[in-house]
Amino acid sequence: MSQPPISRFPVPPRDELPADLADRFAEVEERSGFLPNIFSALAWRPDEARAFFTMHDALMDKETPGLSKADRELIVVATSAVNDCLYCVVAHGAVARIRARDPYIADQVAVDWRKAPLSPRMHAVLEVATRLAAEPAAVTAAELESLSAHGLTQDDVWDVGMITSFFALSNRLAHFAALRPNPEFFLMGRVPRGR
Amino acid sequence: MSQPPISRFPVPPRDELPADLADRFAEVEERSGFLPNIFSALAWRPDEARAFFTMHDALMDKETPGLSKADRELIVVATSAVNDCLYCVVAHGAVARIRARDPYIADQVAVDWRKAPLSPRMHAVLEVATRLAAEPAAVTAAELESLSAHGLTQDDVWDVGMITSFFALSNRLAHFAALRPNPEFFLMGRVPRGR
Amino acid sequence: MSQPPISRFPVPPRDELPADLADRFAEVEERSGFLPNIFSALAWRPDEARAFFTMHDALMDKETPGLSKADRELIVVATSAVNDCLYCVVAHGAVARIRARDPYIADQVAVDWRKAPLSPRMHAVLEVATRLAAEPAAVTAAELESLSAHGLTQDDVWDVGMITSFFALSNRLAHFAALRPNPEFFLMGRVPRGR
Amino acid sequence: MSQPPISRFPVPPRDELPADLADRFAEVEERSGFLPNIFSALAWRPDEARAFFTMHDALMDKETPGLSKADRELIVVATSAVNDCLYCVVAHGAVARIRARDPYIADQVAVDWRKAPLSPRMHAVLEVATRLAAEPAAVTAAELESLSAHGLTQDDVWDVGMITSFFALSNRLAHFAALRPNPEFFLMGRVPRGR
Amino acid sequence: MSQPPISRFPVPPRDELPADLADRFAEVEERSGFLPNIFSALAWRPDEARAFFTMHDALMDKETPGLSKADRELIVVATSAVNDCLYCVVAHGAVARIRARDPYIADQVAVDWRKAPLSPRMHAVLEVATRLAAEPAAVTAAELESLSAHGLTQDDVWDVGMITSFFALSNRLAHFAALRPNPEFFLMGRVPRGR
Amino acid sequence: MSQPPISRFPVPPRDELPADLADRFAEVEERSGFLPNIFSALAWRPDEARAFFTMHDALMDKETPGLSKADRELIVVATSAVNDCLYCVVAHGAVARIRARDPYIADQVAVDWRKAPLSPRMHAVLEVATRLAAEPAAVTAAELESLSAHGLTQDDVWDVGMITSFFALSNRLAHFAALRPNPEFFLMGRVPRGR
């Protein structure tokens, strides 16, 4: 079967983008080697695109002792799997493999995080995050405190909640637009360097 | 029982806010008569706050023939009720009552939108929106087309999806922070003017 | 949109009611200022109406140290919200506001009772009641004993179960008949007296 | 294992019952050969017991062309199975076998009514009844009309809804009190007469 | 209504079976007095039939101190009830009644195993088995250890998992083929011998 | 984190296996380049192992016009994803990539088969298979007929049901034993040959 289009909604040509978005997209493309489709799909709504990428970077480009960049990507993988979101599982699974330097962890977390070989801290994080994703009213104050007991700061705890919340948005947008992951993501981080 | 605090996370004093947020908050307070707690609760994370309110305004401060401001608020009420989100149901229920000039519609939509006295167009909109909120993988291309058949433009259809997605974020953040609605919201739009 | 009829089933004229029902309805109307639609909707089935109101009054018109009238109304609000029953949430929410002298509590309990500012006793009561409403086979003997530990007598515990069970009936009947709440209920108990 | 008691709540001695209940119980016992435990378990709450049995008899002791006594029992069996209610499945299963003169139908309907050898009319009835039992907000006006198309009168349609609603009460009460079915019910209607 | 056929798929005549299956079927028929329909329904696929009955006998024809033959049948009854499988509930319910010499236990376990009069050991077994049947990813290592604490050997624990897994297969096959239970099963083990 | 063991249950040394299993395992290992862990994990129960692999091969090593070997693997991937089974998603995803000569299809089907670029025939197959996996009582005769309308023979339709049923067993066994996929599976079929 031929692959479906990137999105159910219009994808503007690159040369028609507002200058700030064009710059941002060029920078991402240079760094990654390709432009992830979420950029293309959001471009027809410049204000929403700007807010989306600002929020994304504020949450994901951050490394703390309690929540590494790899940990943040695994929150995305686990909660996006709850929502059966192909784009987010595949794209953030790729980033998670690279950041964790582990070719197996993304699939392990996406399919069955409960048995994945992770620290007790990350099991506690994913327990809270997947509950917030699936049944938000059921998250209790005691669960937030359990994260502090595992060494997360108040800022880290907020990040667990906000990353999960932000990808609750992303997963739904990706389903609604039938956003297609770039082919590059499927193999990234699976083959040992130097091979 | 005494009321719980506004949020489980720090709420910075108004005079310590960055200038742009302080201005925005002052403007909202003047227009509404009080500052909704979501502003106070997000203020400790200025970048996320800016992105959040930009996205919100881009989606909600818009009136189109296919999707009025009142219609947009009712999408928020219906999908936030799916997530049992007190803040969003109460705050956006208040705005919905005012924008729709109907003192009953917010409760009708929050508790049982399927029997609410709405147009076939809005029933189709809420059918798609509540499915996207609850079971995003189940939304089909055919459902998006059904919205066009009811007169929504492509932009309106996107807005249905993006509003629902944005409040999937808001509902989860509000649950995670135990965000408390301002008392003012409960009565707004219920008492006929001139009374 | 114009409002739908009171019920999908016949509503007999007041002057054709059996004498005992006519008397009861007149008394309710005098006390409340209007006749709640559940009375009108059940009137075409006099035997069922008599049994229904007898059961209702036996359970709800009772004040005990372990379970006040306001507490009983909040059980109705919380379990009717589980069932998305507009009539019961709106009508009993109104009574709950009045009996608890609290303009916020009904909405708080209807949308998210777990975070509502209630006593530990009432949290235990609503935990059991909402489980009985949603998943009756899962209620355990230990849960009933937890209510006794909060000071409920054996009679109070039964009342928690029987009120929940009775409104499992009412909620379904209200959905089946598409019973519409009287407009008066929406505002009752929200405006401070003397205003 | 020894059998548990009839109920988690007090069961008053027969000679301490109010006269009207004592008479009713004696009559039932004479007709059935034993007193079903639901009578014993409700006796400590005479007002609720009177209302309960009045409602029960008004709905179940009725034979119409659109809904026979056996059909009514099968609604009870199917919806009580949705709620995993042992007392109602076993007791009303027994009555259903006798009224339908069919030793298999109660188990077939309790475990998997969708494949049970029933008329299209009864399949439509059980479709609506089990949805009302499990997910009451999802029952639509079109489904009620589908019952009329199968020959049910408006009274019959109401009975489908009210029987289901009444047993939503009974099932929950039976779970809450851990009501135990009388041993006699298990075998009733399974052995051909004359054997 | 007339009864439906044994299966939605072809049922080969007994005299066209491969010799080994014909022998096995004859032996079962002699021992039981009739040939259970699962044999007839699988016969058109001889390889699958051989594997199916080999697996079945390896798991069910075994008596250990930690898991008797009757216990094994009750695992089948409880987990098949989770899947609403008429054939397995009725056929294995019959065998359970006979092996447990208890005319009530099969119905008690099928409808509401949580309140069934069973040992703490069997309650722990059914807790794990029904969770594995309904939500397999949620079974934890700690739950398996809880079975050992109740005296099950490592082999017994495996058997709990494998019996449940095997009947997850059987229940689905029975639904897919609309497999009908033999009438004989409904009454087996209900009537005291010597009656 | 170090990887967990292959299984929670004993894994016998290769040189202690019964001769027929040792031969079968050696043959698989030679063909695949490694021995999949399911073989090792089942070896301590030789009778069950023999039945398991016989059933597996009878269903999966078959190519028909209506259901190719790749199609059969995709049924496994889709239904195992419903059950969050890491072993089956990863191992059969690998085989599916190879048999379909498509490096993307396994992830697409595992995460969101509804939007995967498959033929209408395979969408109908996965619709029935995933319903049978998740909610077996809901599969109707009409759905089986819909498969015939897509060109499946009666044998193919049975295979859809039996493959799904067999992996309902496998998924549960894999969860119960915490079966770990071999590392080789994760990369198989992702890298174009000749690279």
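Chains here go by letter, A, B, C, D, E and F, matching the order in which they are written, and residues are numbered from 1 within each.
The criterion applied here is as follows: contacts are C-beta pairs under 8 Å (C-beta built on N, C-alpha and C of every residue); 3 or more make two chains touch, one makes a residue touch a chain.
Bear in mind that the values here come from a model prediction, so they are computed numbers and not experimental data.
Q: Which chain lies the greatest distance away from chain F when centres are computed from Cα atoms alone?
A: The chain farthest from chain F, judged by C-alpha centres, is C.
Q: If you take the mean of the Cα atoms for each chain, which one ends up farthest from chain D?
A: A
Q: Chain D and chain C are one sequence twice: same or different residues at the contact, by the over-half rule?
A: same
Q: Centre to centre, by mean C-alpha position, how many angstrom separate chain A and chain E?
A: Centre separation, chain A to chain E: 44 Å.
Q: Using mean CA coordinates as chain centres, what's the chain A-chain B distance in Å?
A: 24
Q: Taking the mean of the CA coordinates per chain, how far is chain A from chain D in Å?
A: Spacing between the chain centres: roughly 52 Å.
Q: So the centre of each chain is just the mean of its C-alpha atoms; given that, what is the distance between chain B and chain C in Å?
A: 28
Q: Quick check on chain B: which residues sit in contact with 2+ other chains?
A: 84-85, 112, 137, 175, 178
Q: Chain E touches which residues of chain F in the complex?
A: Per the stated touch rule, the residues are 8-10, 45, 47-48, 50-52, 54-55, 58-59, 83-85, 132-133, 136-137, 139, 141, 144, 154, 158, 161-162, 164-166, 168-173, 175-178.
Q: Taking the touch rule as given, give the residues of chain E at its contact with chain D in the complex, in rising order.
A: Chain E residues touching chain D: 1-4, 81, 84-86, 89-90, 103-104, 107-108, 110-112, 115, 117-119, 175, 178, 183, 186-187, 190-191.
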